[in-house]
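What follows is a pair of complexes built around chain A, which joins chain B in one and chain C in the other.
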Partner chain A sequence: MPVEAAVAVETMEITVSKVELLRELTATQGVVERKTTIPILSNYLFEAGDGELRLTATDLDLSLRTSCSAKVKKEGSCTIPARKLHDYVKLLPDADITIKLLENHWVSIRCGRSNTKMVGMAKSNFPSLPVFPTAGVVKIPGKVLRGLIGRTYFAISSEESRYTLNGALMLLKPESITMVATDGHRLAHCERSGEKFEGVSGELKTLVPKKCMDELKSLLDSTDAETVEFAKDESTLFFRIGSRLLTSRQLTGQFPNFEAVLPKDNSKSITLNNSDFNSAIQRVAQFADERSRAVRLKLEKGEVKISASSTEAGESEDSIEAPYDGETMTIGFNAVYLVDFLKAAGTSDVRLELKDSQSAGQLRPAEGDDYKYRYIVMPMRI
Partner chain B sequence: MGFSDFHGNAETVHRLRDMLARGRFPHAVILAGARGAGKYTLALMLAQALNCLAPTETDGLPDFCGQCANCRRIALAADLDARFAEAVEAREGLREADKKDTRLFVQTHPDVLVIPPDPPQMMIKVDQVRRVIETIYYRPAEARERVYIFTDSAFMKEAANSLLKVLEEPPEFATIFLLSENPGELLPTIRSRSMVFHLGAVPVEDVERYLAEQRPEWKAPQRALVARLSEGALGRARGFDVESYIAARADAMAILNSALLGGEHTALFKITESYRAGAEGREKTEQLLRTLYSLLRDLMFLGSGASAMLHNTDIQSQLAKMAEAADFEWIAAASDRLADVERGMRRNLLRSLSLDGLSLALEKA
Partner chain C sequence: MAATSQLPAFARTIFHVDMDAFFVSVEELFDPSLKGKAVVVGGQRHERGVVSAASYEARKFGVHSALPLRTAAKLCPHAIFVDGHPERYRECSGKVFKVLAAFSPQVEMASIDEAYLDMTGTARLHGPPLKAAHKLHHRMKEDTQLNCSIGIGSSRLIAKVSSAQAKPNGVLWIVPGQESQFLAPLDVRAIPGVGKVMESHLHELGIKKVGDLARLEESELKERFGKWGLALAGKARGEDSGGWFDTEVGADTEAKSISHEHTYNEDTADATQLEATLMRLSEMVARRLREAKLHARTIQLKLRYKDFTTITRAHTLPAPTQLDGEIFEQTRALFRKNWKPGREVRLLGVQASSFEAQAEQINLLEGGRQQRWKDALAAADRLRDKFGESSVKLATGLRGTFRERTHENPAGLPGKGKSK
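Entry: the complex of A and B
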C-alpha cells in the first residue's frame, strides 16, 4: 500500500510493563492474520492516550480491541507488525518497555539494554472499526456463555457450502439463553434458564460465526471478568469481556428450524457411565471404517454391545453393563460424534434415548445438568 | 472523477449504470474484452458506484464522487500491477511454512476483494475461491455491497467448480465480477449464471485523440501507429511498448519473409532459438503470434486493395512487396497454421521447434 504523506508529524511515546503488554499481545494473536498478502492485516494498531495503550488486531471479519495501562508521554498512534512484535516481546526481560514512534512509520522499542526498531505502516490504511452501540446492550454471565459455547461449538459445520450452519445460533429471551449448533448430521442444543436478561424483550436471535465462537472461547478462558456485554447492529456483533472488545461481522442467512428435529418420542432409554462408554467407543472405533467411523450399538437385556468392523482392520466388540430391559435393537452411529458429546457433557453418567434404528438418537447428561443439554445424532445404516 | 473518465463503450457503461439506477444490478457479471479494454477499470468504478458514500448523478444515471472514504480506498487498487507486486513481495516475506498455502489477494477496502491469478502458474486457485466463499456471507462492514473481482478467467478446475457453488446462491449484498479476455474459457455453467457484458474495440480516431491527451510526449506518427496496433484497447494503447513490438515484428517479418521470398534458414533458426521455455519466453511467444496475425491481416488488406485499413502503416512498402507473393489461399492456410501453433503452446510444446515448424510449413511449395 502506498505510504501517504503525513500531514502533521505523528508522535507517540509510552512506557508499559512487559508482562501486561505480553498478556494483551498473546490474547490478540488469534485474530492476527498469519497468511495474508494484505500487509496492514498483519499489523497491530497502537493508540496511546488517557494513561493507557489501546491495541487492535483485525482480520476484517473479526477484530479484537484491548488495552493495558501505560505511562503516556506523548499521545498518538502507530501500527506495528504483529507477529514479530509478539515474538520479540516474549523474549524480553520482565521490565518496562518504552515504545516510541519515529519518522516514516518506524517504531523504536527499548527495554533495559535491548533496543529494536521495526517499521509499521500508515495508520490511515488500518480498517476503520465498528463502534460499540450505546443501546441494546445485554449482560450475559461469562460462566454461562462459556458453558454454552463449550457444549455446542464442536457441532458447527465447517463445510463451506452450508454457510448458514457455519455458526451457532444464540437465542436470548428475557429469562433464558439458548445456543444451538449443527452440521446436518448432529445437533447440540443447550438452554440455560433462570437468568435475567435486561433489555431483551421477546426473542433475540443471533448467528454467531464459528471463528467468533473460537475466539470468544479462548477469551473467556483467559479472563476473570464475570459478565460479557453483548450488543449488535445491522452488520456487527459485539462482545465486551472486561477491557477487551471482540467484534465480528454478522453472517447472513437463516438458521434451520432446529425444533423440528428435536425427537419427542424416544421411549427406549438407557443410562450409561460416561467414561466406560467413552473408552469403549474409542477402543472399538479403531476398527471402524476409516471414512464413515461407524460403530454399531446393540441394546440387549442388561448390557450394551458396541462393535465395529472393517475389511482392512478387523473387528472389535466391547460390552458395558447397563440397566435395560426393553426389546433388543441395533443402531449405528459415527463414533466421533458420540465422543464429542461425551467429552463436552462432563458428567459421570449419560442417558441415551432411542426410538428405533432409523430415527435420530438423543444423548443427554443423566444428572446435575443446569443447561438442559440435548445432543441429537442421526443414525447410520450399517 | 466518475464514469466520465471511462472512455469508449458508452453503451455498455450506460446499460450497467442503468441497472444500478434501478437497483437491479446482477450478482455475477462477466466483463469480457481484449487486454487493455478497460475491464478492471470499469469493475472498480462500478464497485465505487455501488458503495459511494456521497453518490452523485450524471446524465441522469448514478455516478460516484471519487472523494469519499469508500471511493478513495477502492481507487487505491487501481494500479493493479503495483498492488500485485506488493502482494507477491508480502508473500515472499512470510515464513517458509506459511508461504506455500498463502494465496494472493489485493484488498484496499475491507469489503472489496480483488483476486488476481496466483503465480507462478498464473491461475486462480481453489484456496482463493475458498476465501471468497468463507467471507462472502458476512455482511459488509463499511460498504453496502461486498464486491469480488476476479481479474482473470484462467481458473484451476477445482477452483472453477467451487466458484459455481457460490454463484448459485450469492447473498443479496454481494457482487462478483469476472474479468475475461475470452469468456469461452469459463465453464458454460459459470457463464449461464452470470450476465455477460462485452467491451468492444474503440475506433482508431478515438484512440488517437485519447493518446493525444494521455501521451502528449509521443510524436503524432507514433500515436497513429499505436492507435492502430492497440486494436481499440485504450489501456493497451496507453502503455504500449513500441520497442518490444518492433522487435517482435522484426522476428515475425523474418519468418514471413523467409517463407514467402525465400531466405537463409540459419538466420531464421537463430531467431526462433531465442523463444525459450519459461514465463518470459511465453510472453515473448504470445506477442510474436499476435504480431504474426496482425501482419497476415495487413497482407490481406493490401491484397484486397484496402490499404486504408492497414495497421502497420510504417512498413507499408515492405508489406506491399510481400503481398504480391501472398495470395488469399496462402494467407488462410498460414492463419490456420498459426492457430495450430497457438494450440500447441497451450499444450506446452517446445517453442523454438514449433516456430521452426511453422515457418517451414509456410514456405510456398
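Entry: the complex of A and C
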C-alpha cells in the first residue's frame, strides 16, 4: 500500500478478553444516551494504544471514560453502537475478541467462530470531552462517599422545574464532608468528620446532579479502588475511581438554606426498632390512599399506633411497643418518605423526634452512626 | 312508529329553561338605552375576536354568536357594539340559578344561561307542568328582570328542542306521547348534536326532516353511522340517547378542569407581554380553583401561533396547588420550553386539572412562604368578591391585563362542572 494512502485511511486493530471488555461495557451503559436525537451519543468511542483500549461514553450531561488491557496490533480509533455491542458481547463465549476498523466506519468483531460487522460512525463526530484538571484534586475515601450518597440520593427532587434541587449539595471542609439532598418535602443530611481533605481550605460547595449521584453509586459498588479523586472546573465535575473517570456537567444555582429548616426543638422523642417500624408501615401503607400514601402515627403511652385508610381499600392499623410517656399526639406522613429513611439508616434502632402535627419531624439512627445522619420530613395534613 | 306513542312506565317531566338573548339582556339592565336596538356583545367593531351574543334586532341582519366582530360590523353597520362583562353575567346567572333552585332540587346549569330542571313529581307543589312553567317564567322576570323561554318534555332532548321553538319569551309543553309528532316536521339540525357535517351527510341520503329520520330502520342508521346512528334513531323519537343526555339532571358530575384563554387583538412575539398574559391567566385559573376549593395537580399550557398551529403541553406537579405563583411558574416554564422566540402568538391558554380536595403534603422549604401566599391570596379574593375582579392583581400580570372574554360554558356551574 502506498504511504500516502495509509495516512488517509483510518485503522485500528486490537484483541481484548471478552470478560474484561464486557465488564467495562456494563459499567458504562448508564451513561450512553437513551434518546436517539444525536446518533453519535449512542456510540462508544474506542481508542487503542499503549497496550490498552480506552472506551468513552457520553450523553453530554455525563461522560464516562474507562479502559481495559488489549493487544494493540494497529493503533487508532473508531465508534461502535453502544447498546448493540453490549448485547452482543454478552452472548459471546469467554474468549478473546478481535476488533478491527473497516472501511466506511464499519467495525469487524470476531470471537472464535463468530464474525460480525457493525456500522459505526465517523469518530470526528464524537464530542470532545473535558480534561481532568491538574490542580485542586481532592481525595475522598470511596466508602465514605458511597455512605453519603446512599443516605441522601433518594431525597433528590426529580421535579425539573426545581432546578437546584435536582442534585445533592456536597460540602467539603478540611476535616469533614457533608451531603444534603431535599425535594422540598423531606431533607436528608449527613456529615462525616474526622477525615482529612488535603487541598481544601474553607468550604468547597458543589451541587452534584442526580444522574451523577446514581452513576457514582454504581461505580463505587463495582470498584476495588479505595479513594475517589474529585476535581472541578467552571463547568464540570470530575470523579476518578480507579481507571474510570466520570465527568458531569455542574448544576449551577443556589441550594436552599437548609440549615434554617433543621428542627431545633423537637422534644417528643421515641426510639423504635427499625425493622418493626419498617414492616408496620409497609403493611399499613397497603391501605393508604394511593396518591398521597398518607399514614397516621399516633404516639401514646408505651406504644406507637400506625394506621392508614382509604375509601377504596379499607383501613389497617399496627402498633409497636415503645418507651414513650409524653403527651398523646397524632401526625401524618407519606409512608414512602419514612421507608426511604429506614432502608438507608442501616441501624437496628431509629429515633423519631417530633414537635407537633404541623411541624417537621426528624428521624435519626439511634446508635452507632458515623455519619451524623438526620432526616427531616414534613408531615401531611390528615 | 307505534312504540313511541306508548308512555314510559314513569313519565318524566323535564324543563329546559333558556334565557333569551342573555348577555344582551343583562347589558340592557345596565344600560336601558340599548333596549330594542341592534346590539352586539363581545367587543368593539374593529377588534379581533368573535361575537358573544347579539340582540334579536341584530340577528335579523344575520349576526350570530361566534361570528367575527368585524364581519358583524359589515352585516349590521348600525349595531351598537359593547364589551362583554363576564362578571355581570356570572352574577345574573347566579340569580337565575337561585330562582330555578326554588322550583326543583334537581337543577343542572348546562351553561351560563340555560338549565335543565327535573320537575318529575312536583305536581302537588307547583301544579301541572304548564302552570309550573308559567309560575317559573313569572318569578324569573320578577327576580331577575330577564326573559326566558321554557321547553317542557318527557326527556331532556324534547325539553331542549321545545324551548328553542318557544323562543322568545314563551313556554311550550310537548304532551307525553306527542314527541315524534312534534319532532317530525323539524329540520334534522334541530336535534342537539347534529351539526353541519352530520346534516350534510343526512341531506345526501335525502333526510331533511326529523320525521324522515324516524322512518328509517335503526339497523340502517347503525350501519351507516355506527353507535352514533343508533343514538340518532333514539333522538328522532325524542329519547335521550347517545351519551349526550345520558346523565340524570343534576347528577353530580364534578369539574374535570378549569381553564382560561386569551386571544390577542394583535398577534405578538413580545416575550414580556406573553408572560404577563400567562401570569394573568394563571391568576384567573387559581382564583377559580380557590372558589371551587380545589387543588390542581396538572397544569397545561395552550399556545396558538399566528398560523393557527396549536400546541398544548402539560406538566404534573409533585403536590397539588391553587396558588397563582405556582401555577404561573409551571406555565411559564412550559412556555419557555416550547415557544419559538420571535414567532407571533395568537392565543394563550392555561388549564388546571387532576383535582384534589386538599394539598396534603406540607412543604419543608416553602411551607411558610406558601402559607403567607395563601393568606395574601385569600385576602385578595375577598377584595375581589367585594370590589370586582380587577380590584387586585399581581404585578407581573399587570401588562397582561385584558378584558376577559365571555364564556358561555364556564366550569363550576351549579349541578354541572364539566368544562369544555
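Note that in this section the second predicted complex is superposed on the first by the 375 of 382 C-alpha atoms of A that agree within 3 Å, B and C clash if a C-alpha of one lies under 4 Å from a C-alpha of the other, contacts with A are read in each partner's own complex, and residues count from 1 in each chain.
Definition applied: contacts are C-beta pairs under 8 Å (C-beta built on N, C-alpha and C of every residue); 3 or more make two chains touch, one makes a residue touch a chain.
Predicted model, so just to flag it, every value in this text is computed and none were measured.
Of the two partner chains placed by the overlay, only chain C lies in contact with A:379; chain B stays clear of it. In the superposition on chain A, no contact is made by A:369 with either chain B or chain C.
Contact with neither chain B nor chain C is seen for A:349 once the two complexes are overlaid on the shared chain.
In the superposition on chain A, A:209 makes contact with chain B only, while chain C stays out of contact range.
Within the superposed three-chain model, A:261 lies in touch with chain C and out of touch with chain B [touch as defined at top]. Contacts of A:303 after superposition on the shared chain: neither chain B nor chain C is touched.
With both structures placed on the common chain, the touch criterion links A:186 to chain C but leaves chain B unconnected.
Shared-chain residue A:291: touches chain C; no touch with chain B.
With both structures placed on the common chain, the touch criterion links A:161 to chain B and to chain C.
Overlap of the chain B and chain C contact sets on chain A: residues 160-161. Partner chain A is touched in their complex by these residues of chain C: 315, 317-319, 329-330, 333, 356, 358-367.
Contact residues on chain A toward chain C in their complex (touch as defined above): 157, 159-161, 182-187, 256, 261, 291-292, 294, 332, 334, 358, 360, 376-382.
On the side of chain B, the complex with chain A involves touching residues 69, 76, 83, 86-88, 90-91, 94, 98, 101-108, 110, 130, 133-135, 137-142, 162, 165, 171-173. Across the interface of their complex, chain B is touched by residues 1-2, 34-39, 60-61, 127-128, 130, 160-161, 163, 166, 209, 234-236, 249-253 of chain A.
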